[in-house]
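One structure follows; several queries about it will come next.
By written order: A, B, C and D. Residues from 1 in each chain.
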């Protein structure tokens, strides 16, 4: 079995007295100068963010940290109840559910936008045919029986408040291009074609802003994953102080087996 | 089976038009104003950090993001190779190994310091008997056959460069109290009693600084867990662009079964 | 928020003095009478297997338990090295990589067979047009640029020895119908159309046999998942006795960062 | 960095036409001859079980497969709800909670028994001083403020029905030695010293039987881990057919944030 290629990483390496991360000296260039959010940006893009990019990237990451007792948070708490000595596994288990349904919808929205407006073709500013583009995109997805990602919300009415907040932050920092425009038109069009109000939600806003920042759609889920890890650690701490996992388990089990009694 | 207590969380909750996290309005008070690192601090302490706390907390978190091809990074890459559609599980699996051996040593160091200097007894400034305290602590641990956490390094010689860098950042921001002093004395004492140079390493520096910031020892591991999630996402992206997992697997398997051939 | 439906499980429930699993009394009907493999069959099909089904199902499950230092086994070992106190998380992490690439190919093969020969249309015995069906199926997949699952092997030449062994066991126990026939024809056809020998591999054999047993394609991956858990526990035990994870990590890291030195 | 030792595994290896597992030819000696439960025994002990060992080992493994909507089962279901494309990660996440609290208590019981009666000192049959041994052991644990593992049950009254069922199976197959005797005496003694009925539960019975079979205490948790993987696959299938995860999440969240409204 011939060796096909040498192993190689360019992320980080060490000598006896230095540690280099993404080409920067950890001790000289990073510690005390780069924040955790900017470090995440560096890991995703191979460069540090500008101040505007930092502010906007941190906003979208922060937005994904916490949304209460999500399935992920329940998973972390239930796992901790059985293995309190392994909080890292409780957080790890909690991340496992960030798949196609929850965090994945952000990825789907970013993909839809980037496929409709390939990066290489994006001119300066918003293309003139953005409404027509949205109309066709929405019609195609509806015809294919697919639900449109990034719009509507089952709790937040009339609109997910995070979307306008994030769009305002993005625009105030110079990110106000064709992807945000297209996402908003898609929401309008979908509302029209489906006959109900379906404004852009947090997922759609984050996807559009990530596109504006030049992040490829297939790394967008990563923002959700790292942000949620931050949130799940807080659930570990609350579960330790005020545990609910066992009670939740008892309540669910009683209800779910009541038909036998 | 009587219900023992009502379920309750105070981390976050939503209404149709607001989202509240740790008592703050997500859209008004957090987005665009709080960075990811500060959000982690909020999750761990129930309040936002001061500017000095923010700088120091971000530094210790950033320090834990990345250290090359750690076992966790290899786990994430090997998992991705089998399930490229589930990057969240690749990161989750990578976190599962942050237990007693690697990230746990940071927790052990913080615990040692907090047990030696209980928070309630810490006076303003460093206690006068800090050298005697270190001497006893080191002697006790050596006598019990336990290795002292937070000192020495198998690669970085003569010293882990992260420790002085972090201590300098902490001191420049007003965190220069008894825990850092005790950690340094423990390293000196251990070196003396064991007859070799064992300076404070990154783990010990982070533990001591976390103590100075008032973080309970049992949440220190959480900083490592969330920081490493940030780093593992970068490994997912590099593994996609330049995969090494399969080659690594082949190389290991060939060596490990060579005795049969 | 209206409650949409009551919670319900039919898998198991308890009273003060009985435990019922899938309608059977655990202590009276299962313990000492049902083997672990048959329990897995019960969990997947809601009934106990016949003796022939038991023998064949156990054979395919056993076949998936172990294949040396797979990526999953390496993940379990690397995770254990960091968290030796949490072997359950080491096994859990190892399972996370059983996705589309490795275990998923078994699922893909089963799906391909069941879509080509829907259960409702399968007559007694093999349909007369099986060769034509295989020819069309192979041509379609090749034209679509998809690789055919369940055939060929990068190590085992000229053939994966597990496939004929499993087919012999299946046939000796009365499972010798259209799915096995189709799988074999697909392998022949693919070899012909692609101009190289591509015999059925273990994955393809297991998929075909699972189809013969009436298992829906979307639960086939589950056999791999539970079987691999059995194998990963053995890797935990060997890693404890004769650890290789740290050495593997050092070897990989040295090679992968050599270009920097 | 000198290479300290060569990588090596003895579990399995392959050539172009053979696969060897634990010294046996997979295709000749294992497939169709060894059941899944016996494969687990082989993985844990490096040899195939006798018929009596097989029956008893399968009984204890089967006993651990399923106990309804445990925290692990809820974790698997909640994870699947977010990532239905990654059932392997749903099972993996479910295993992560099998730590010190649930499955670990079985390990604790086995350890207690093996430390009280070291294997090398176990004579043929039960030692005459078994009552005195139990009395001292119970008194020591109570004095140290530790709860005794393997006895009592919060649901099953007056006794966990699995314990007598498993003991009957073990005895009928020749496993009736000092560990089972000690476990029963410990339960009697604890009941006496604590003033309430605390009969041996399933955990204690399995621990004692595992000791009788010569399994080291530190691999006993592994039986629980692999058995539960079998059970969790069944929960994946039921959750697909009749999902409860989202409803459970809604119910828990409503209750847990009701104090805000």
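Annotations for the structure displayed:
Just so we're on the same page, a contact is a pair of C-beta atoms (placed from the backbone, for glycine too) under 8 Å apart; a residue touches a chain by one contact, two chains touch by 3 or more.
The structure presented is a predicted model; accordingly, all values stated were derived computationally and were not measured.
If you match contact pairs by residue number, over half of those in A-D turn up again in just one of A-B, A-C or B-C, and that pair is B-C.
More contacting C-beta pairs link the chains of B-C than the other of the two pairs B-D and B-C. Using mean Cα coordinates as chain centres, the one most removed from chain A is D.
Taking the mean of the C-alpha atoms as each chain's centre, chain C and chain D sit 24 Å apart. Per-chain CA centroids place chain B at a distance of 32 Å from chain D. If you average the CA atoms of chain B and of chain C, the two centres end up 38 Å from each other. Contact of a single residue of chain A with at least two other chains is seen at positions 1, 7-9, 13-14, 68-69, 83, 85-86, 88-89, 92-94, 96-99, 103, 155, 244, 248, 251-252, 256-257.
By the touch criterion given at the top, residues 1, 6-9, 13-15, 20, 83, 85-86, 88-89, 92-93, 96, 155, 252, 255-261 of chain C touch chain A in their complex.
Those residues of chain D that touch chain A in the shared complex are 68-72, 74-75, 78-86, 89-90, 92-94, 96-104, 244-246, 248-249, 251-253, 256-257.
Taken together, the chain C residues at the contact with chain D in this complex read 1, 3-5, 7-14, 16-19, 21, 26-28, 30-32, 34-37, 39-40, 42-44, 55, 58-59, 61-63, 65-69, 86-89, 91-99, 103, 155-157, 159, 161-162, 165-166, 169, 172, 218-219, 221-222, 224-227, 229-231, 233-238, 240, 242, 244, 247-248, 250-251, 254.
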